[in-house]
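Multiple structures are listed underneath, in C-alpha cells.
Look for chain A in each of the two complexes below; its partner is chain B in the first and chain C in the second.
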Partner chain A sequence: MSVYDELKAMVGEEAGPFPANDEVNKPMIRHWCEAMEDGNPLYSDEEYAKTTKYGGIIAPPQMAQAYCIPVLWPKQEAAPDPLAKAVGKMDEAGYFGVVATTTTQEYFKPMKLGDRLNFTLKLIKVSDEKTTRLGTGCFITAEYTYKNQNGEVVCKQPFTVMKFKPAGA
Partner chain B sequence: MAQELYFEDINVGDAIPSVKKDPVSKDQLWRYGGASGDFNPLHMDDEWGTMAGMGGRIAHGMLLMGFVGQAVTNYVPKKYLKKFSVRFGSMTKLDDVITISGNIKDKRTENGGNIITGELLATDQNGDMKVTGTFEAALPSKSV
Partner chain C sequence: MSYKSIKFSGINEGDELPVFNREITRTTIVATAIASRDFTPVHHDHDVAQKAGANDIFLNILSTGGFIGKFITDWSGPEGELKKMVINLGMTVFPGDTVMHTGKIAKKYTEANENLVDVEYALSVEMGPHAWGTATVALPA
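Presenting the complex of A and B:
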C-alpha cells in the first residue's frame, strides 16, 4: 500500500471539537488589525459599530483561526488530528517539503465580542501523486469548521497543502 | 470601510479599488506572529529561511490573505461577503510592496440571491504575482 493509499483511506477522519482558548475580545482584534494595518472601524470603533447591523464590534472574518491556535506555552501534547497525522505519514515516507497552496473561507455567522468558538478538523481530500516545479508528492485538504457557543457555524475553511520530495533531492 | 453596494450598480468588468500596502517589515511579521499565534521560524528567522532555501524569512501566507481580504472588505460591506478564497503563488519577502487589484468577473441571480464574484491579484513592486483570490458576495437589490 503506497503512502498515498494510506492517506486516501483516512479521508473522512475528523477530530474535535477543540475549544478556543479565549472568547472573541477587543485586544486580540486590535493586535490583528495592527498587524494587517487594517483601519476598518467595524473592528475598532464602538460608536460606529453600533450603527451597523451587528450592533457592536465584530472580529475580522479571517480571525477564526487565530482564536483556535493552541497555546504557545506551556508546551502541550498536540491533540491528534487527521491533518497532522497525514503530514506525519508523508514525512516518514520522505516527503519532507510542505507548502500551503490554497485556502477558502466561507462565512456564516459573525464573531461578536464574547463569543466562544470551537473547531473541528476533517480530512476531506487527498490527491493522486502530482509533480510540480517544487517536486513530487500530493495535495492534502483538510476542512476546519468553526462554530460559536450556540452551535452555529461561523466559518468553514478548507485548507490545502502540498507535501513533496523537493525536485532534485 | 465599504460604502453601501447594490446589485444593480455593479457591472462585470468593474474595477475593485486597489490597495497598496506599506513595505512588509520585520516588525509587521512579529505583530502578525503575535496576533495569529503563528511563530513558525520560517517567518521569524532569516537564517532559518535561508536554510529552507527561501533566501531569508518569508511573510505568512495568511498575512497576504489578510491584505487581499482588505481590498475585498473595503469594497464589499462585510455583511454581504459569503466566500473568499486565495491561491498562494510566490513567497513574499521583507520590504516587498504589495498592491492588490481586481475586478468583477460575474453577476447573477441564483436561488433568489443577487450574487457577484470578483477576482483579485496581489503583486509586488516588480509586478510579480504573490497571491490570487476570488470572492463571492450576495448584494441587496434596489427593487426590494
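Presenting the complex of A and C:
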C-alpha cells in the first residue's frame, strides 16, 4: 500500500472538540486590531456596536483560530489529530517538504464578547501524487470547524498543505 | 460617532478598491504573530527561520487573513459583513517588504436575501503575489 493510499484511507477521521483557552474578550480583540491596523468600529467602538444588529462589540471573524491555538505553558501532550498524523506519515516516507497552499474561511455566526469556542479538525481530502515546481508529493486538506458554546458553527476553515520530496533531492 | 458604509446600489462589477500599501518591519511580523497567538518560531526567531530555509522571519497565515479583512472592511465600512475568504498562498512576506493590497469587484449578486459582492483581491510583494483569491462581503442595500 503506497503512503498515498494510507492517507486516503484516513479521510473522514476527525479529532476534537478541543476547547478554546480564552473566551472572546476585548483585550485580545484590541491586540489583534492594533497589530493588523484594523480600525473597524465593530471591533472597538462600543457605542457604535450597540446600535448594530450585533448589539455590542464582536471579534474580527478571522480570529477564530487565534482563540484556539494551544497554550505554550503548561505543556500539554499534543492531542492526536488526523492532519498531524498524515503529515507524520509523509515525513516517515521521506516527503519532508511542506508548504501551505490554500485556506478558506467561511463565517456563519459572529463571535460576541463572552463566547467560548471549540473546534474539531477533520481530514477531508488527499490528492493523488502530484508534481509541482517544488517537487513530488500530494495535497492534504483538513477542515477546522469552530463552534460556539451553543453548538452553532461560527467558522469553517479548510486548509491545504502540500507534502513533497524536494525536486532534485 | 457615525461611520460611512458602501451601499450595494452604489457599486458596480469592475469597480476597483483603493490600493493600500503596508510596509513590513520585524515588529510587524512579531506583533501580528503574537496577536494571533501563533508562537511558531519561524515567525519570531531569525535562526530557526534560516534553518528552515527562509532568509528571515516571515508573516504567519492568520495575519494574512487579518490583512485581507482590514483591506475589505476599510473599503466597505463597518456595515460590510465578511462572509467568506478564499486565500491562495504564494510568496512569503519578509521584513522590508511592502505589501500592496489591490482588489476589484468581480461579481455583484443577491442570494438568500443578502446583497453580496465577490472581491477578487491580491496582496503582493515585489517578488509576486503573497495571497490572492475571492473575498465575499454582504453590503447594505
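Heads up, the rule we're going with is that the second predicted complex is superposed on the first by the 169 of 169 C-alpha atoms of A that agree within 3 Å, B and C clash if a C-alpha of one lies under 4 Å from a C-alpha of the other, contacts with A are read in each partner's own complex, and residues count from 1 in each chain.
FYI, contacts are C-beta pairs under 8 Å (C-beta built on N, C-alpha and C of every residue); 3 or more make two chains touch, one makes a residue touch a chain.
For clarity, every value in this text was computed on a predicted model and none was experimentally measured.
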* With chain A superposed, do chain B and chain C clash or fit? -> clash
* Could you say whether A:M36 touches chain B, chain C, both of them, or neither, answering first, second, both or neither? => both
* Asked: Which holds for A:E46: it touches chain B only (first), chain C only (second), both, or neither?
  -> neither
* To do: Tell me which partner A:D91 touches in the superposition: chain B (first), chain C (second), both or neither.
  => neither
* Structure fact -> Overlap of the chain B and chain C interfaces on chain A comprises residues 28, 31-32, 34-38, 40-42, 52, 60-62, 65-66, 69, 72, 99-107
* Asked: Which part of chain B faces chain A closely enough to touch in the complex?
  -> 1, 21-22, 28, 31-32, 34-39, 53, 61-63, 65-67, 69-70, 73-74, 78-79, 81-88
* Please name which positions on chain C make contact with chain A in the complex. => 1-3, 22, 28, 31-32, 34-39, 61-63, 65-70, 73-74, 78-79, 82-89, 133
* Mind pulling up the chain A residues that touch chain B in the complex? -> 28, 31-32, 34-38, 40-42, 52-54, 58, 60-62, 65-66, 69-70, 72, 99-107, 110, 166
* Asked: What part of chain A is in contact with chain C in the complex they form?
  -> 28, 31-32, 34-42, 45, 47-48, 52, 60-63, 65-67, 69, 72, 99-107
